[in-house]
Every structure is written in structure tokens, then in C-alpha cells.
Amino acid sequence: MFDLDFSVIPANSSLLWEGMKMTFLLTGLAIVGGIVLGTFLALLRIAKVPVLAQIAAAYVNFFRSLPLILVIFWLFFLVPLILGRPVGAFSSVLVAFIMFEAAYYSEIIRAGINSVRPGQMAAARAIGLTYGQSMRYIVLPQAFRAMTPILLTQAIILFQDTSLVYVVGLRDFLVSAEIVANRDQKLVEMFLFVAVVYFAFCFTASMGVRFLQKRLAT
Amino acid sequence: DAGDSPTLQRIQERGVVSIGHRETSIPFSYIGENNEAVGYSIDLCLKIVEAIEEQLGGDKLEVRYVPVTGQTRIPLIANGTIDMECGSTTNNLTRQLQVEYLPTTFITGTKIASKVSSGITELEDMEGKIIGLAAGTTNEKAIKAAIESKGLDIKIVPVKDHSQGWLALETDRIDAYGSDDVLLYGLISKASDPSAYHVTGRYLSFDPYALMVQRNDSTFERLGRVTMAGLMRSGEMAEIYAKWFEPGPTKINMPLSDTLRTAFEIQALPE
Amino acid sequence: MNYNWDWGILFRDPYLGWIIQGLGWTLAISLLAWIIAFSLGSALGVFRTASSPVLRAFATTYVEIFRNIPLLVQLFLWYFVFPELLPDDWSRWVKRDMPFPALTTAVVAIGLYTASRVCEQVRSGIEAVGPGQRQAGRAIGMSEVQVYRYILLPNAYRIIIPPLTSEFLTIFKQSSLALTIGVVELTAMTRQIEEYTFQGFEAFTAATIVYSLVTFTVMAVMRQVDRRTALPGTFSKGAA
Amino acid sequence: MIEMKSVNKWYGKNFQVLKDCSLSVAKGEVIVVCGPSGSGKSTLIKTVNGLEPINSGEITVAGTSITAKSTNLDRMRSKIGMVFQNFELFPHMNVTDNIKLGQTKVLGRSPAEAETKALALLDRVGLAEQAHKYPSQLSGGQQQRVAIARGLAMEPMAMLFDEPTSALDPEMINEVLDVMVGLAKDGMTMMVVTHEMGFARKVADRVVFMDHGEIVEDATSQDFFGSPRSERAQEFLSKILNH
Amino acid sequence: MIEMKSVNKWYGKNFQVLKDCSLSVAKGEVIVVCGPSGSGKSTLIKTVNGLEPINSGEITVAGTSITAKSTNLDRMRSKIGMVFQNFELFPHMNVTDNIKLGQTKVLGRSPAEAETKALALLDRVGLAEQAHKYPSQLSGGQQQRVAIARGLAMEPMAMLFDEPTSALDPEMINEVLDVMVGLAKDGMTMMVVTHEMGFARKVADRVVFMDHGEIVEDATSQDFFGSPRSERAQEFLSKILNH
């Protein structure tokens, strides 16, 4: 058994807190960006815009076929080359997360749009709303409502996935914890701590999801 | 002035020097108590930064620290995100296809660490036992070669990094852990009971550490060499060494070895 | 960019062999973990929808614990912490004598983690089949077990082929985390190539291509499965 | 055959779906249950074979208590056929297999025997030619007739119907009602939730009217459609017969 | 008011849903369309406001072609009300907002003006008190009446109904039919797909019978329910009137 010494946690609280802020910032921005881009991709596919729909489908399948870590890696090295100047790890990682998550979000949103009965679109068109208005006022609000639980579940996955930013040297919560763990040889303590913290956050969120699900069901 | 050096031109343009550092290479390059990069290699790099400032006309340059990993250090040097890598990278010929190395700043070699109680002192004592090696390191290459050439029956367990290797040793998953001796001393110094472990045996390989800079930039490379030679000549090198190793803030105690002293003397080229 | 490209490295000895070997380990982890995830996840999915409150609570607790801790952390805990909680003999066996300790741990850890996600898919599939089917089965006198066996599960699996495919692909991609406890699978192999040769871009390109190829193959196969298993007169959903 | 005594059932704490319902159906009798939407008709009929548990009261079918703990409910259910509003055929099996499943898995008949029986029943409901189709390839009326055959295959003592025609297109209602009329004529004990008053008039021995979980009226078919009856039933009848 | 000339429509290459359908509805006329399931009734009625595009033929409403490319279809649709089988109220908006949406977004009325109109219409369909409820809190019959009010809010030249009562519980059918009868009496031009023959008898000027995508019969209501008519229509009527 181990002699556990949890004093490393308060001793390194500022580093860990910085990491936690990074985790939340990345998760938040990636969710917003991913949903915006994902909705756009989903709409291209639903509306069957010729060629664009196929490009959107190819995009989604491509990104879903890659491990996130490789996407982060590639964008980190390629974005500066494409732009011809360094963009900083944070920006490149954010772009990677948004592009990657958008592929997943677009599938969720597409399913959400499809779950809205076609009659709703017909009814909206029948009172003279344009296709765009019908999407905006009728179909999308319902799709998002139906999809909220799954969108949140995906957000929890994303929250856990942010630790992959270690490949580009960013420090999220998990990476910070590993730095502390390695520096002070306190691996067991830190991993237990990380497990508890993630569990607390994710469990709270998933309770929230369930609460929402119940509310939305009525 | 920057002359024909792309690195210097880049630095001049932005007024920023980017230093690539490791996060847990103790005591060469790691995140210190105040959450900033510190270490022996970092101090050396800061000397080079001073030389760059002088070369470019004396204006103070901003130093930007970019964390790197084993996977990112080469691509980041190649695409110019960092101007030099200040870590604990072994200089070898294959790697010289991708980067240029400045003079050797430290010499270590592969050894094994084990529990004192295990009675292991050399690789040959490990017949039928298990050794842990960090995947992809030069130590792994060296020990595998030694095992093969002697025809030993030793099981190899790959580990992700040194701290996990050490944890595997502490929990008896492995009987010995092989790595650069300096890292092994560092690991022992952090153990809950340092007296229970020892580093033993002969060197199974020699690993000279050096700072890395971009290829095809002889002007900048020369600036680095001149700086390092100057440090060695003036004895400043030994002082910086003492600051980190005799014993350093990380409790490592490794007085300057004769081999390294000789290396400093040889590399202290005259003006 | 100041980089010495050498694509030949990927086809040179021993590196080509490493990539193939790495892919082999990756597939082995994925498939073995999938067997655990699928069977345990299915059982848990049944529990979550069963009439017994005890079974439901058990499955719910399992899901909440396993999916709310990052896999990376779980792997570490299984590998380094779990054996220390066992009696000495067992601990020693788990750490040293059991075949392929790291691989086995990775398979179990990834399998148990993914089971929590498979469980949720199976549950949603069963719920999608609808309460009417359950009642119809009970009404002709079948027991609860028979209703699951002959009616709910065969229909639920058909419905969830696409999301299950995604889960399998997630396992395939997440198997790379096994490298954190020293399993030298595909990603670890490419890193090793990079450490030995410093030809990182080539190595990562190889990994990217191999991962995509496998994924696209699985997607294509599953689309066929989905089509084959689709019931006459209904539409298949198109895998993944 | 079916006896319900003071049956009470709550959903949650505050909502009582069934209020002190008592009812008895003799062997060979056909009972129609009607009433406004949400009045508890489906719940009532599902308590008869234990698909919905009750909170108090007693239900016996052919002398066996449905509510006693010692009763093997699965066994009992196999002796009571049930037909649902939405057919609930098993979508992954063809028509014959739908009818065979209960016979082989519950009654333990051999596949061959079950097949013979299935084909005979399909013939009886006029669907001999659809034996190898899947439910989704049939019209609603055909599906409901298969569902009836599936129930009959278990050789039940009684059949329960929960709005068997309300999910059907108007042209298909009669083909299902015709099968049910045939069953009634053959002496099957039946309890039918339906709004088809033509059917009730033609074959029901008694009509039970429910409202807000109560059995408001339980009368012979003649009496029910004749003059004296409760206000609520009157109002309901006027609504559904008016057009 | 509504003119259809030789309308043809295919789904895919092989399946023709509408076969050379011609029909005209005069201003103020009420037309009932009936026929077996799958005969193309819904498709036919949806072509009138362009919800279903056609392959050949011509459709004009109040002199404006629906099929011409130059027509602003959205504009035209706002002038033709439509009521669906499943109500299709917007579930995320309350009843008033459902009725206001088209008025504000399409007709550009001010929210206050739209609100006044909405409340007036709710009053007309007998639902003044439900103005702030959400669709899911209403019974089917109430929802369908809101849907009618939503259509009327656009002050349409004509109203299309696609089986407006077939998803309703029997007791609620009349409350919807009553509203529709009121509309007809007020002189609204209406095209109604329905199987409610009582309604057809009472208010339809003409009855159109479809089968397999063809308009088999187009007769005055008296003639249709009187003696001479096609065999197919006869058979259909016997099926749906028999019980």
C-alpha cells in the first residue's frame, strides 16, 4: 500500500486552478464554436444543397474517423504553415476542437432536426414562412430542445477530452495535475484527486442532464 | 544585426525569443515552484539570449517559453515556433538529419536503479527478472541491445515516462528501471525513502545532452557555439552547473564529473 | 519549413514492422475491449430497463461512476492503484505473473469504461422499441427474460447499429490511451519511430492514414450489416 | 369467467385511475367498455391479465386470482389473449413466426405443430396468403387480424381488446370487426374497449360505461342504447353518435 | 377559385401518385375529397398550395399559377390556409404565439395587432380561455381548433383540410366539425379530405372520390350519396358506412 500524502494538492493549488480554468475555457469555447459550425454543416446536409451537402458529409466522416489527438497535432503544426506565422498553441487547439467537435455536433443536430416531424415544416411553409424562417422559428428550436441531453453528454465527453492538449504543451487540469505528479513523485495522490474532481463535475452535469430530460419530456 | 540568419531575423522582427522547454526534465528544464520554466538548460539558454540581444543592438528582448514534448520538439524547431530547445535531448547522428546541436552541456549514460534489498548491481544479475524502460528512449535501445548481445533472459516492460517507471519500481511491478543516471538520481531524491534505492552498474551507453537549434542557419548556430565556448572558458559554465547539481534546489547531488570537466575544457575553443 | 522529409522511413526495416505490429496491438485491444464492453454493456442496458428497482439502481450507479471519470485516469487507477488493494499474492500475480499485465489491464479498463456507454445505447434502443412491445410479449405469457431475449433486444440492436458502430470506433481510437500504461500500440509505435528517427511528420502521417482506413472500413462494413439486418419494408438508418 | 371486485389503482400518490371498479363477465359473454378519453378504460382492461398491477381489490379469472402473489402470472397471461390499439406485432418476425412464438416458447409446442396451428388461424382471419410477409408490409387492418390470430393461437379462455380499430383507416375497420363478430358468435368470452357502437349493438351482451375511473353504468346492450341511463353516458353517446 | 388541370405527379420513376387530375372549386364552394387510404388524397390537396411539387399539369388559385416559376410561392401559401391531420401546432409556442407567428413574420403585422386578431379568432373557435396554454396541454379537439384559427389568422382566400378529424378521439370530432360547418356557412372556399360522410352530406357542395391517384368521381353531394355512381365509390362507401 501507499503512504498517501495529499499535501501536494494545496501546495500546488494555483497551478491546478490555472489548469482548471483552461479546461473550462476550452470546453466552453469549443462547445459554442462546435455547435455553430455543426449546425451549419447539418443544415447543408439536410437541405441537400448540391455538392456542398457532399462536402459536409465528407468533412463529418473524415473528422469522425480520426483520433482527436491527431487532429490537435496536425492543426498545431499545419495552421502556422498555412497562415505563414505562428498562431499560438491555444488558438490552434481551439480551432482543432471546434473542427473536430463540429463533426460530432452536426450528427447530433442532424438527428435532432430529423426527429422533428416533417409535418411541422409543412405547417410552417403552409402559413407562408420561407424555408429559412421555418428552420429558424420552428424546426431548430424544437431540434435543440430534443437534443439538449445528448448535446450535454457530448459536452461532458469534451470536458474530459481537453486533457489531450498536452501534446501541444497547453496545461489543462489533468495536464497540470500530471506535472505536479511527476515533479513531486506523487502520482497516486494526484490521479485519485483528479478522479474525484472529474467525477464531481461530470456527475453534477449528468444529474443536470437528467433533470433537463425530465423537464423537457413534459 | 541579424545578417543572413533566418532565426535572428525572426527574433528581430518580433522582439521575442521563443525558448522550447520541457515540463518535467529535472533539473534541466522543468516547471519550478513559481510555475515557470527553470533549470540548468534554461539558464544556459538565457545566456544565449543575452548574446542575441548584444548581436541585435542591445535592445532587451522578450523571452517566451513554449512547452514542448518528445513529439513536438522537432516539428516546432522545424516550423520556427521555437528558436532553440532547452531540455535534455541526447545528441546523436540520426537526429542531426533534422536539427543542429550546440556543444555538449552534460554527459550521462544508461544505468539501472533498483531496490537495495534486491541485490541487483549489474544487468547480468537480472536473469529471469523484469526491467522497466521508457518507451522510445535511447536507454531502451541501449539496454535491449545489451540484453540481446549477452543473450540474457530479462523481461522488458515499457512505461510511458520516468515517473511511471519509478512508480512501477516502487510497487514491485518491475525489479529495476533503466534510464540516464542523472534522471535516476533525481527520481531517488524524490522517493519516500531514498535510502532504499540505488543506482548501480556500468554505463550501458553514453548520452551527451545538448541544446538544439534549427538546421541551415550557421550564423545563429555559431552565435550559440561562441556563447557556450565562452561560458566554458570563463568557468561560468561550472558555476551554473554547481547551482543545479551540487546540490541543486531539487536535492540532486552530482558533483561535476571528470569526464564532463574534460568535455567542458575541450569544447572551450579559443576565440 | 526546415525539415528533412524522408517518406522511405515508413517502409524501412524495422519501422514498417513496428507500424504493423502496433496496428496489431491496437486491433487486439479494441476487439477484446469491445467484447467486454458489448456484453457487459448489453447486460447493464437490460438492467437499466428491467422491472427490478435493485437491478436498475445497480446499472445506474455503474454508468454514473464509469462514464464520469476520464478513461486516462481510470487506466492509471486500474494499473497502479487497484493491485495495491489486493492481498499480496493476488497483487503479485496481477502485476507480474498474469499474461500481458499492461495489455490485460488496458483491455479491462477500456472495456469497463465503454460498457457504461454501450449500456446507455442499449437502453435507448430498448426504450425506442416501446412499451407496447413489452406488453404484447408479456400478454402472450412470456417471462420478462423471454421478452428481452426474443423481442426487445433483437429490435433494439437493429435500431442502435449506427450508434454502436460509433462506440466501437471510439474504442478503436481510444485504445491509443493504452500507451499511457506502456502498451506499445499504433500510436506508441509511431512515437517510438519519431524518437528514434526524429521523422515525426512521416510517422504521424502513417498513423493518421492507418486510423482513417480502419475506420472507413468498419463504417462500410457496418453500413452493409445495417442494410442486411434492416427489416423488409423499413428503412435502414445508414451506419455511423 | 372474469371477476373484478372493488379494484382501486393510483398512479403516483394523487391520481386515482380506477375507483372501486367491480365487474363480472360470464363465460361466453361479450362486454363492451366505453367512455371518454382518459377515463381509465385501457388501465381497467390491462389489470385483468395483470399487465397493470392494482393497489387494492381482487381480480380472478376462471377462479384463479390474478392479484394473489402465489399465482404464476405468466402462465395466466398465456390463457388470456390480448389485442392492442397499435397491433404490436413483433416487427422483426414474419407473420407466421409472430403467431408461433408464444406457442413454442410458452406452451412448448413443437415448431411443426405451431406452424400448422398458425396457418390454420391465418386462414380463419382471411390472411392465409400473407403468411411470409413482415408486419410492416401489411395494412393496418391486416396487422390487427394477425394480432388476433396471435392471441387465439394460445387457445385462450378469454380475449381482451383495447380499442382494436381506433388506429385503423375507416375502410379497414370492418374487416377487423367482422373477425371479432365471428369470434363472439363462436362463444369466445370477450372484453372489448371500443367506440364502435355498431359493433356494441350487434354483439355486446353488456355495455360498461366509464368516466373518471369509475364504472358509471353497467347495463345490457338493449338498456344502454335504450332510454334510461346516466346523464354522463347520455352526453357521451350524443357526442359520438351525432355525426 | 382553385383550378387544377391534368395534374400528374410521380414519386420516383415508377410510382404515379396523381394521374391526370382535373378539378375546379368555385369561390365559396365546399368540396369533400374521399377515397381509400393511399389513393393520393393528401398529395392532391398539398399540390394546391405547392407543398408538393407536380410533374406536369397546371394549378391556379385565384388566377395566380402555383406551378409557374415566377410565382412567389411563400406569398401564395400565406393566402391559402391549411389544416393537417396531426394538427401540427408548434409545440414550443403557446396558443396565442402559434396564431401570431405567421401574422408578424409573413404579413408584417405589429405584435399588438396580431395579438388582437389571435384572441378574436380563439374566441370564434371557442377557446378564448386557453390563450396562454401550450399545445401539449390541450386535448386533440382543442388543438385542431387552434390550428384552424392559425390558418384563419392569415385571412386566407381558401382553406385546405387534410383529414382534420381522423386523429381525434370520437368525442372530439364534433367540436371540430362544428367549427368547420360554421366556416362553410360564412362562405369560406374549402377543400376537405375527410371520411366524415355526415359532414359531407351536410355542407359539401361537391364530393370528389379518388382511387389509385385518379379522380374517379366528381359529383354534387346529392348525386354522390344518391343512386348512380361508379362501382369503386360504391364499394368504398359501403365499407365506411356499414358499421
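Residue numbering begins at 1 within each chain, and the chains themselves are lettered A, B, C, D and E in the order written.
Rule of thumb we're sticking to: a residue touches a chain if its C-beta (ideal position, glycine included) is under 8 Å from a C-beta of that chain, and two chains touch if they have at least 3 such contacts.
Just so it is clear, the structure is predicted and the values come from calculations on it, not from any experiment.
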Smallest count of steps, each to a touching chain, taking chain B to chain E: 2
Touch-network distance, chain A to chain D, counted in steps: 2
For chain B and chain C, chains touching each: A
A-B or A-C, whichever has more C-beta pairs in contact: A-C
Remotest chain, chain A as reference, centres from CA atoms: D
Farthest-lying chain, centroid of Cα atoms versus that of chain E: B
Averaged-CA centre spacing for the pair chain D and chain B, given as whole angstrom: 82
Distance from chain E to chain A - Cα centre to Cα centre, in angstrom: 45
Centre-of-Cα separation between chain E and chain C, whole angstrom: 52
Multi-chain contact residues (two or more partners), chain E: none
Residues within chain A bordering two or more other chains: 73, 77, 81, 187-188
Chain B: positions in contact with at least two other chains: 71, 75, 79-80, 164, 167
Touch relationships between chains, expressed as pairs: A-B, A-C, A-E, B-C, C-D, D-E
Touching residues on chain B, where the partner in the complex is chain A: 23-24, 26, 30-31, 35, 66-69, 71-72, 75-76, 79-81, 161-164, 166-167, 187, 190-192
Footprint of chain B on chain C - complex, ascending: 1-4, 6, 80, 83-84, 92, 95-96, 101-102, 179-184, 188, 191-192, 194-201
Parts of chain C lying in touch with chain D, wherever the complex brings them together: 132-133, 135-143, 146, 150-151, 154-155, 158, 231-234
Complex contact set, residues of chain D against chain C: 46, 49, 51, 74-82, 84, 86, 88-92, 101-102, 105-107, 133-134, 136-137, 150-151, 154
Residue numbers on chain E that touch chain D, as the complex places them: 36-37, 139, 166, 169-174, 177, 195-196, 198-199, 236, 239-240, 242-243
